[in-house]
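For reference, the structures are reproduced in the following blocks.
Here come two complexes built around chain A, the first alongside chain B, the second alongside chain C.
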Partner chain A sequence: MINTIGEVATDAHRGPVLRVQDLSIEFGDPRAPFCAVQKLSYSLDQGKTLAIVGESGSGKSVSSLALLGLIPHVGGRISQGTVLFDSPHYGHEVNINDLPEKALRILRGNEIAMIFQEPMTSLNPVYTVGSQIIEAIKLHSQKTTIEARREALEWLERVRLPHAKRIIDSYPHQLSGGMRQRAMIAMALSCRPKILIADEPTTALDVTIQAQILHIIRELQSELDMAVVFISHDMGVVSEMADDVLVMRQGLKVEYGDVKDVLVKPQHPYTKSLLAAVPRIGSMENKTLPERFDIVEDKQQRTDGPIYTAVAPKYENAPLLEVAGLTTRFNIRSGLLNKVTHHVHAAESVGFQLFKGETLGLVGESGSGKSTVGKTIQQLIDPVGGTVRFRGQDVFQLPKAQRKKFRQEIQYIFQDPYGSLNPRKKIGESIAEPIRTHGLLESKSAIEKRVKELLERVGLQSMHYDRYPHEFSGGQRQRICIARALACEPSLIIADEAVSALDVSVQAQVLNLMMDLQAEKGLSYLFISHDMAVIERVCHRVAVMYLGQLVELGPREQIFKNPQHPYTRRLLSAVPELNPSKKRESVPLEGEIPSAVRAVGDAPFVHGFDEVSPGHFLAQNAGNFRWV
Partner chain B sequence: MPIAKFAIQRLLQAVFVVFVVTIFVAFAIRLTGDPAIMLVQESSNVTEADLERIRAAMGLNKPFLVQYKDFILGFFNGDMGTSFFRGPVSNLVAVALPATLALAVASMVVSMLISIPLGIRAALHKGGLSDQIIRIGSLVGLSFPNFWLGLMLMMVFSIKIPIFNSSGYEGPASIVLPAVTIGIILTATNVRLVRTAMLETLGAQYIMVARSKGLRERIVVYKHALRNSAITIVTYMGLQFGNLVGGLVVVEMVFNWPGMGSLALDAIYQRDYPVLQASITLLALMIVAVNFTVDLVYGLLDPRIRVE
Partner chain C sequence: MSLSEENIILPEAAKKKRSLAKYWSFELLFGAFLTCSLGVLVLCSGLLFPDGGEAIDLRARLMEPFVSWQHILGTDSLGRDILARVITGGKISYLVGVASTLGALVLGTLVGLVAGYYRGFWDVLLMRFADIQLALPFILLAITVMAIAGPGLDRVIGLMIISQWVQYARLVRSGVLSLREREFVQAARSYGLPDAKIIFGHILPNTLGPIIILMTLNVANNILLESSLTFLGLGVDPQIPSWGGMLADGRNYVQVAWWIMVFPGLAIMLTVLGLNLMGDWLRDHLDPLGQTAK
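Our next item is the complex of A and B:
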């Protein structure tokens, strides 16, 4: 057995290391079971990557737990099929489904390892990062603690954690999400497994961090000659990582083949519709206006509203919303006396205009302050300075009654539709509530009629009035939230990551609905998102935010075709491209986004802007901008 | 040293709480009436001059804050005043406090010995037969009034089968029945607490990660899950211990246990105001001290608290 790090396995055997045959997994009552996976078959060659893609509920994650024999631990059963693994320990092929728990433990973490989706919760918070890696190493080898610690340190360095010597004794909460995922990878690879299962390993991470993590996985894969089962919902990531692709839907395999065939010439209608729903960076080149997704839509969900035809907003009129010098800070108290010692500079001197019928994209990574800007405009947070003018009036200088009126005209849609609906209220009542609060309609019957109209307008049915939020899917809930926003007859909707939690096909439907509503009602959107491809699809203009300040603002076509600021370029280059014949070779930039927390009195320098072309503004720090 | 800073911060908070509590106790006791009249209420021919003399002797004619200062200075120097009937308060406390602490600790130990293994078992077999039995058992335990359970145990184990003495302190074995009584009562809630805390941690992703490493289930449960649940369990049981020290009155009465509860209760009946002030103050201090200790243990268990 090879144990030293860095040595490449020289095994001449290149056959399949894993063969899954007719695998079915059930949950619940054996008499009326729920089949999470049905008759799944695939095989995986040594050193290759198989991507399993699908939307939520497709069974992609569950099927991968079966490779570790962990199905009983999540309350399920293998009802039929075999998982054949060519185990170096046993020297021959074994059927995972037949192995007793004790035999499985020899394989788990040792020959088959797994990394999980949520880096924030996959490390035990009460043990140091190092002790958790050392535990894994010692479990599967005869090494002493000192040897294991030395090896753990080497692994932390291999996943490019800066200051590995310090991190080995750090607790998980002291590390960022990206650093935790690196530590998790170090732990998973520490026994040099034959197969690595990666379950949505970058979904919770920012796009620039995602690029770094994907690069590390690919690099170590070829170094260890390891096979990877890569589970993802993101077609761009799949295109970049996979040799083979398996598309799953509701527990069934719908398409399986070489990545180039599946992504470029999909055969199955479901794969086709899935790919049609994926927004692709660069697909909007030479188009100035937003465009609907060309997906086959259920007639029911379309209802009677007009289909979006893009119109350019009238920029010669006065803007609907004008934000200038907007600064929002949060206090951090510390010390024995609980004095304010630091500020989070969430937004520093942010300014932009938004016109009637226009969608302005506000894009940035976590901690950039984009949500803070939205919440300040909605009057959910009080700013430290600056003005927000709505229809020419300074919102924060107005008397209470008028501010309430503006709260009606500006509506907010959150990322988590379930969290923003009262679970104990019928959805009809949730939608009716703002109509009553703002006194838009008086009689009970008129309100009910209006709510039912709204339900139908957003693609639900009037009979849904009496149902509760938990009876709906994520996409339907977001439609309910949109209906509730529309109930206020708004002129501006702030959509804060409104489609980020949705499956890609549902995301396309909801975005189409939002665009249709813009055409029908002349709505303006402040579209806050981290997803560059979605932004490109739906926005007229785009503002890029970094560390609380705008760095670039301009027409969408300009920003995407001719990005001027190094940060905008970095964001764009980090987005995985849906083009399997073009695997990225370049090493992504290292480093994490710096913190917006600064000591009191140490306010950041607010940079000015240059107009590089008509309407295209660039921060003056572009020339000497540094990452870290 | 963040842990030192954390400890200092909590200590300062505790000192502040002690100040508020002691001043409130001193003030509240004086609201219940003139101690001098209480002291002499039995005798009929007392003049105002007699009362004045008694007040002067007890220092009751001084301003409230001066009285408070005198009490506190005395209290922390070991002089807790003198009982109207039973000599120096410190002598009374010296007997009662160890008795109460012993009973409280013994009950907690009994409760932990039963509730932690049962709670873990219930969580591991959620919805299964053992979970059901443990849940029903805990419900039955919850529905016993503690004095009734105490009387039942006494009837069985000291009257029918005379293993233990029924009342008072007659050597270390005397603690068994009262400790088991309180222990069982506490166990009823603690089993549920341990079960809930364990269920929450067992559902966490790092538990699945631990399994995917190939660890045996025993290590997954006891090293990875229990250590995290301990944060919740210790907090709750610590608070419980604090309550216990002050709240043993009923069981102490049943078993005639010579503890702080009995001491304070007797002092109330007899209007023995110096004993009352000293014992209540002491109980309050105990609770503050226990909470402070819990905070420290919490900080040791949870690295997230330590470093903040």
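Our next item is the complex of A and C:
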């Protein structure tokens, strides 16, 4: 069954280790197939990195599953083409498509390995990390358990896991996301594969951890002289990692070439527009106001109202929202009597002001408590202490009945556009519900008319009223959520990672819509995000959160141009830059974000603030900041 | 090629699928046919068989089926017409099966919704009740209740409700626990929707699927349970025909007169089959994602 198409690679050093030719992959009914990948060709040299870029549904992940012969497992068919792999095991080039399952199992993990996006689910929770790596090593070699364990330990040290001796006997749930992803890499590389397929390996990780992981992959790649197929949607990461770039769209190859050519001088209009939609850090220097994305939008297709230009908020007026000393903790119970033994200090004495027509960016990594602050202001969580004043009134001092008014004026947009709409309600009803709840309109026809107006305002159509959420794409659903928020005629919208789950071009469109709405209606946004580049684009002022406390707060321009707190600097330097001629050489700082869980009675020290320049506040203990 | 990849206008095909035709399926037709035809027969049993299947004809004892037009499904040991008894007996079985299931469903769902949504005190209290309920053997409970209150149809139904609400409560509660953390529920809370509307408008519809499946299975189970109670002498009056009672009667004659047992058994089977088919269909079509879920 083994094909010897093409010549046996004589020049074993630098020839292509992988050649994909005219690969087409189909799903579904053979009479009316869905073509996930069409006529894809590329080649990959030893020691090089090919980045496959594309938005969701572009076929980038499916095409890489074909390299492992896994297409039948996901219910697809290879209708055409070859995947030629120069296998050391066979000593010549083999066509992956023609190999029987048994032969494929020799290659998988051993010569072609893969790491996945979700480090939380790609390790089996009931086995220790070590035993899973040992299993992988023993599967492809004749080593004894003791030898394999020694090797596993060696690999855990190579991916720079601290305390490898302890971690080898830990279960996955005892490790953080970044540590798990390192363990995954150790497992994937333990057989010294020729090709590593990395499918969005850092998408689920924080930006500082991402920098560490990318560095490890690059370092081990040159050490093992391994080829890497790097799948990503993040242009910055691609620019940092890739030698060659392949841009895919709807199963088709759009552009393919050297990373410098593709990212700097893109030829295809799709690549151009994709790059235009990427927010770049530093692009907003010397601009004080937010700016729309200059994306090529088809004028016929644009239905979401006129374009507005951003205006500066009036800071001399009283603030719309004033948060002071806001503290939110969660209890952790344990022991026989189920007593509260620990607190999660999600938010400690957080304070800021938000003005009419202003966007305040709340930025931080996972566990920093930024969502908790948003949810507490929205009264979804009860605080332990502190005040939230909206239009001068203390929200938490009011009786329950009067608080309802604030739930009309403050609206929340969630991260997951798939989860935040009831799948069993027509979207028109979902949007109408807040109008009814607050009695904003009386008659049924008036409500329906208003909902249809809102749908059109956010770029959908009034005929979509009777559809269910599953009939819409992610970006459309987020537009529906925005319409639902607008239905209350709010003055403040809390956007909690509202665009993080969207593709970059859709993200740009939704952000443009949000900025237009702000300029049109004078809305204020509390924009919670982990993405520094997005924050830079849309915010007037920025607050940086770390371990439940604000560490720096100031005008956006100041924060990005002149960051004062070490953590802010760190966060900014970890963002991958979209500049392929400048590969980052410096080793990213090691370490994990410390835990916000503390024993009862061991409350963290609440630091004060210094005003370093007008409106720019810095935590007083910034000098003592240490990355643990 | 423009960037606006979102096809704002959905394909026409998606719209066509919304027409009525998609709601018809063999499942529904067959299930509805079975349930409706049996139901109509049972409801009209008073007209069809004015004697209620209680007329005794000792000269025609244990008559085989399909030999006489007068007793087309044969007769039992007292010469009572099997057909008349099956149809009349359906009344009791339908009543017990449906009423006890609906009762348990309503009670259990309410308990599950309250316990799951509010957590805390109510959750602990109600779920401990459920645990106690699960720990009590059904037969022991049945004997106790019947010994104190005496046998009767209402007591049978009440007993079944008491013994079965726990299943619904547990099922609903586990669904609610995950649903209440879902973002659309949080979103509803964030725009100030009252609790009752969140519970009944957002959470309940999303827990219906498994409830319906459990319900269709329970109807069948309850018909059989009623028959076991009757068999033990704890159920309804043995004089009144019921499918369970007939099964119990026929047991003694199964080697010489199979028909006494087979026809009520067949009636139970067809009822359950019809209900299950309809339940399946209902679950699929209550879910807007039903098309893909299949």
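Criterion: the second predicted complex is superposed on the first by the 607 of 628 C-alpha atoms of A that agree within 3 Å, B and C clash if a C-alpha of one lies under 4 Å from a C-alpha of the other, contacts with A are read in each partner's own complex, and residues count from 1 in each chain.
Heads up, the rule we're going with is that contacts are C-beta pairs under 8 Å (C-beta built on N, C-alpha and C of every residue); 3 or more make two chains touch, one makes a residue touch a chain.
All figures in this text were calculated on a predicted structure; none of them were measured in a lab.
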| item | value |
| --- | --- |
| Contacts of A:L139 with chain B and chain C, given as first, second, both or neither | first |
| Contacts of A:E118 with chain B and chain C, given as first, second, both or neither | first |
| Partner chain in contact with A:H438 - chain B first, chain C second, else both or neither | second |
| First, second, both or neither for A:V506, with chain B first and chain C second | second |
| More chain A residues in contact [chain B versus chain C] | C |
| Chain B versus chain C as contact partner of A:R329, first or second or both or neither | neither |
| Touched partner set for A:L107, first chain B, second chain C, both or neither | first |
| Sites on chain C touched by chain A in the complex | 1-10, 14, 182-184, 186-194, 197, 201-202, 205-206, 286-289, 292 |
| Contact set on chain B toward chain A in their complex | 8-9, 12, 204-206, 208-217, 224, 227-228, 231, 301-304, 307 |
| Chain A to chain C touching residues, read off their complex | 55, 269-270, 273-274, 276-277, 295-298, 301-303, 378, 380, 404, 407-408, 411-412, 414-416, 419-425, 433-434, 437-438, 459-461, 464, 467-468, 470-471, 473, 475-476, 481, 484-485, 488, 503, 505-506, 509 |
| Interface residues, chain A side, partner chain B - complex | 68, 70, 73-74, 101, 104-110, 113-114, 116, 118, 121-127, 135-136, 139-140, 171, 173-174, 184, 187, 336 |
